[in-house]
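Following this line, the structures themselves.
Shared between the two complexes below is subunit A, which pairs with subunit B and subunit C, respectively.
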Partner chain A sequence: MSNDTLTVEAATIADADIFSQRQALSAHLPEWFRSLQQAHWARYLELPEPRRLDERWRFANLRRLQDIGRFSPTPFERPEADDLVERAQVVENCAGRLLFVDDNLAAAREMDPELEKQGVIFTTLGDALNRHGDLVKKYFMAETPDLGSEKYEALHVALLRSGVFLYVPDNVEVKRPFVVYNFTQRNGGAIFPHTLFVTGRNARATLVDYQAAASPDTEHLVIANAHIHTGDGAESHHRIIQNWNERTLSFQLNTNNAQRDSQAKSIIVNIGSAQARQEVHGKIFGSGSNVEMYSVNVPTGEQEFDQRTLQTHIAPNSRSDLLFKNALLDQTRTIFSGLIIVEENAQQTDAYQTNNNLMLSEEAESNSLPGLEIKANDVKCSHGATTGRIDESNMFYFLARGIPPAGARELLVFGFLEEIIQKFETPAMAEHVRSLLAAKFHL
Partner chain B sequence: MSTLEIRNLNVSIAGTPILRDFNLTVPKGEVHALMGPNGTGKSTLAKALAGHEDYTIESGEILFDGENIIGEEPDVISRAGLFMAFQYPSEIPGVTIANFIRAALTARMEEGQRFDAPAYYKELYAKMDSLKIDRQFTSRSVNEGFSGGEKKRCEILQMAMLKPKYAIMDETDSGLDIDALRIVAGGVNAMRGPDLGILVITHYQRLLDYIVPDRVHVMYEGRIVESGDAELAKKLELNGYDWVKENFAAATV
Partner chain C sequence: MSTTTDIQIERDEGNFHYDTTYEFDAGVGLNEATVDYISGIKGEDEWIREFRQKALKVFRDKPVPTHWASRDLDSIDYEKIRYYLSKGQRPSRSWDEVPDEIKQTFERLGIPEKERAFLAGVEAQFDSEASYSNMKDELRKEGVIFVGSTEGLMAHPEIFRKWFGKVIPIGDNKFSALNSAVFSGGSFIYIPPGVKLKQPLQAYFRINAENFGQFERTLIIADEGAEVTYMEGCTAPKFETSTLHSAVVELVALKNAKIQYITVQNWSDNVFNLVTKRGLAMEGAEVKWIDCNIGSRLTMKYPGVVMRGEGARGEVLSIALAHDGQHQDTGAKMVHAANNTTSNIIAKSISIGQGRSTYRGIVSMPRHLKGCKNNTECDALLINTNSRTDTYPAITVRGNQNTVQHEASVSKVSAEQIFYMMQRGLNEGQAMSLSVNGFVNDLIREFPMEYSVELKRLIDLEMEGSVG
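Moving on to the complex of A and B:
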């Protein structure tokens, strides 16, 4: 990657006045938001780049991070994207749909009018800031992952100008998923998708963040955030299908915040990106809650998937379960660094953390750094990481039934991944994920 | 030529000879039983026939309807029509029985041939019913968490669906209680016919009360030392394997 591959002549992140240029275009947003952006811009400039010796960046490829200044925040415009509107049909009959191309809304917002009557808000962050400013203010960046990408988080807040706000009021249950599509299109573009997903008391909803590229050949920087706030007795399901193109440097910085007696469940599927850095922090604020964090990852070529997680148990008598599974091909690298923190008051915690790596190539490399930090004395915690290859006796069983080696291998790998895929409640979604993963094996 | 014919087969594992000039012919339409004490090479024969790479074939021929299959890959041998029911079937997480058998069937289809899913499920369910396997097992992972009896019934189900020309049943009776044994034997008996040759490998005579063999062979130290009809199995049961050892140990040195 070098500068001369970029064809866009737009102001880049490195330009001195990029921030003031962008702010001039968001004069319509609330003052508190604009000052917050200002503060984050200052923070972005101030914070150092990640350093090799920083434990939070251990094993990560830092080279790509050094030249993010050459990417250009995408211009405000109505995108030409009829074909992408067509592609944004992964879930039929969804509760609502928003479609962004390069951070610009590319199709009219869709939402079940019945839900509108019940007080459900599903709209762009910009619209929500203007119409539900106080509500957004209460949650916006209220929690942060704190896992190493603070500089990029600051850049995200400073330059973000769109995103999604989903708010499901108390006692409203929505079975069908809300789906948000984000596509990258303009070569050299930088986008900053933001998802803020709030469920009130005893509410229930599912949000799918579907991330993809218009074409495979363009270069992009994506710094995305998703913050899930699950209220007392509520149930939230958040899914991310990360399928940016393979010339994209992507960040996904998430928090998963669970209040009393809630169920907060998230799944991340990693398919695309040249390098994907993901930070997920599950915060258990309320007792009796259950936080599930799952991820399934199939890197190919020279992809690097770098995942850092935290499960922080602040309240007692709760459960968290993390399972991240990687099937590595070619010359890929994965990094899993996970920590469970059980605070003093969080007695009767059940916390689990597992990272399984299936090595499908001699040249692939998985790095696993599981950890525990327990300050309470009455807890059940386990963590573990495994790394292995396809079991030869299982392989022989398939061959002995006449299944050729390539097909046998694929079925065995899918069997390994299926444990996560099964957690998608929507069969169409699970099937779509299977097809995306399958495509990675036919390179 | 409708036979599975094994001629002067010598097989070693990691340099140790196991089968020594082994000879056996199983014609289609017949059930042969291969009996013998533990460690005498019965399972080695099964694995070698199936083409397992850990079993080195030093010399000899395995003629499948006249065609030598030595050197072929295990999946090729299977598609040619050989089925091995495993003594210890693998547990495969995340792959359902329905998908597993389907993959095995589609691997046998001609290019351009379409898989008829409704017909497949109809046949699968009918066969599951006759083997008393709950239909919900189609969506369970292959053998994962199955009891010994469930695993063996699942092997027979696969055999019934794949319709081999020759089947090798490796200690299919091990780990089965009497009810499971009856069901498994019933499944095998239902498949008996002019188009299938079966070799039943067993340590005990018990299974042969339910699957009555046309021929019985006694194996000792890597080769067949005695052959006869079903009565031979009863004689073995009566006299035990010491009788084999006493009579044939000297001959094999």
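Moving on to the complex of A and C:
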């Protein structure tokens, strides 16, 4: 990535010439990419802000979205972030590592040289655009979640200049995870991380997106995208640990695209952000595939986690499974709005969707909108949503055995969350997630 | 199952109409003068006329809710509808006084027989006004009031005015506003404290004229400890152009009262059926909606219960059957507004051919409540390969003292079951019919016997010759 410095200090998204300023610095990128950015900038300006009556924003807090114009896209510069490089060690012995601070590469790319020989590409999006332009072009923004944040997606594409491209060629299996760290640092900064993860036929890989803040007090806007393309017979695992600081407005707009006989599995852990809007669209293009979408969320304070999901079965004879679990504390709000669409030709579909809310405070609020749209008859589809509290009889069992209330509560809550945590196949990752979640409880 | 061709539904029972000359006709289209005309011939008090005019403004200001509802709503042309048609606005008290053409209609549908058989009271509405109403004398002696909407407001304002438009305010939605502007007919019922009706009250609604909109208004008040079951049925002949039915039904169950409201909706499949139904349940009271939707082109109906008193209970049991060209968009709304309130929603839908059934629901538990519980189950059965079903619930829970569970499933008739029954000598249609009856059976058992028998027969009839 370029190390040029912006001459104008802290131009904001609302500034009329912000886009031309940014484009002036990306002259080295391919023309098709630059014109796509231009088109998305026009789209961003044209699209209206979400309105109260828009079903896709039902129950959402729209207030914070109204002044995103005051954030400044972060300048191109080499960050001072030695301490963050230290923090970016969550997974030891990973297959590759990329570390960004405010959208700038903060440490040299690391990658197992053996994999390089097998044709695996793991690099920044800018580098990939220049060296593997045609490959990136084939997948870049080929799919979109289409769940309400089109305006913010357009802004993301227009202003993005950083990101990750992971490409695993046919028949290559990588057991160890690739890890991408994104940190926010500059106060008032806006970043646009982009993840493009492509597995070829019968390939296999795991990518972890680890998102955190350098300090708790700075304010940020994050509009992140992740698009996973899982080829025929391939297996992809994507994990997001969202731990931006609690003064961040974050978007995560993802698609999870599964071809024939593939396995596409994703997990999202939500810990940080003042308000996190997430859209995940699982698209089943090939038959015999299996798409799993899991999420575990522990909001505290006044956090709002707003998750919208779509499982679209286009091809027959596939399976999708979604499980989103929320444990709500304090004055938090969660919104889960999920939809399973089974198209006319998608017979023999098995599709499941579950949202469980554990209410741990008198002031918390959960909204659950589990939906189905079924246009084929030979299907097994179900959804379930529960909202409840800690079971009194379970609590009594612990208390009767001398375990104090706080400890009993912790055990029961972790029992609830563990169902998702244990889906992390790397024990170190699972343990790290447990410690992040535990820190959220005032136990 | 080998083949699943479209199922033909027998729907001819109500498909006949008589040429009738109407004494009162508000003409086509809707404006202030239409509203004044309706109010005028009814001889209504000024406050009712003002209520109607205010509602007309609200109706015009409200957008058609196509941001979430079916775009088919845009095909209603309000300027082509006739808003009021009547042969004379006083209901006849005995069967002999009913005009002959209307009598013919109801005789074909068996209204007086039903009354003789078991019903405590019956009111039949033909287009805009009740053409026949009767109630057993002993009920009248106990103080039960069972009258039409205008009569209720004019003769018993001390009872009905207090609650009229309070459970469902004018501005609740576009169609409740429309009804509030042009309502006519319907049932206003008051059950005094402690009176428990052993037999159901019945109303029957029929649209006989083309391009007609029926806007009946029903308000049932069960005073403390009272109990009542109310049943309504509806049909219309099939006309070339579509007709509109937009009712408002308000129920008020005071302390420890129980109201059960049963609907069998069998409009012909060119009727837009856009109905707002809501009950208010005070302390210890129970409101139960039993809702069967078989007819109409588009039904949008989400019976609701606002549980305002401690320990109140709300229930919606719903069966929807959607055939080719039909969209049954039904559901339930449960608003928990007091501690220890419980609600239950069981919705079953069957989609046949290219029919589409939709469940839409709201369960809401605001802050600082304790011990509230909701259970929701939605099951959909898809008969043909291109049948469609949707489910859109919305559940909002605040605080940690309440529990909600929602489950939905979608399935088809199992091929093994059909094979098993055919091995034992049933043909495929009979087997299918038995399977579908099995699917709704546990729900139908909850219905009063007369209705469960009729529904089972109706389902049998509709599944007949369904598969080739």
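Rule of thumb we're sticking to: the second predicted complex is superposed on the first by the 433 of 443 C-alpha atoms of A that agree within 3 Å, B and C clash if a C-alpha of one lies under 4 Å from a C-alpha of the other, contacts with A are read in each partner's own complex, and residues count from 1 in each chain.
FYI, a contact is a pair of C-beta atoms (placed from the backbone, for glycine too) under 8 Å apart; a residue touches a chain by one contact, two chains touch by 3 or more.
Quick caveat: nothing in here was measured; it's all calculated off a predicted structure.
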Note to self: Let's test your reading of the overlay: on subunit A, do subunit B and subunit C clash or fit side by side?
What the structure shows: fit
Next item on the list: For A:393, decide between first (touching subunit B), second (touching subunit C), both and neither.
Entry: first
Checklist line | Larger contact residue set on subunit A - subunit B or subunit C | finding: C
Next item on the list: Classify the contacts of A:416 with the two partner chains as first (subunit B alone), second (subunit C alone), both, or neither.
Entry: first
Note to self: Quick check on the superposed pair: does A:357 touch subunit B, subunit C, both, or neither? Answer first, second, both or neither.
What the structure shows: second
Note to self: Is A:375 touching anything from subunit B or subunit C once the two structures are fitted on A? First, second, both or neither.
What the structure shows: second
Next item on the list: Name the contact category of A:344: first (subunit B only), second (subunit C only), both, or neither.
Entry: second
Notebook entry, point to check: Is A:401 contacted by the first partner subunit B, the second partner subunit C, both or neither?
Noted result: first
Notebook entry, point to check: Least CA distance subunit B-subunit C after superposition, rounded to whole Å?
Noted result: 16
Notebook entry, point to check: So which bits of subunit A does subunit B touch that subunit C touches too?
Noted result: none
Checklist line | In the complex, subunit A residues that touch subunit B | finding: 391, 393-394, 396-405, 407-408, 411-412, 414-419
Checklist line | Complex contact set, residues of subunit C against subunit A | finding: 4, 67-68, 367-368, 380, 382-412
Check: Which residues, counting only subunit A, touch subunit C once they are in their complex?
Finding: 53-55, 58-59, 344, 347, 357, 359-390
Check: Mind pulling up the subunit B residues that touch subunit A in the complex?
Finding: 50-52, 73-75, 78-79, 84, 86, 89-90, 92-95, 99-101, 103-104, 107-108, 141, 158, 162
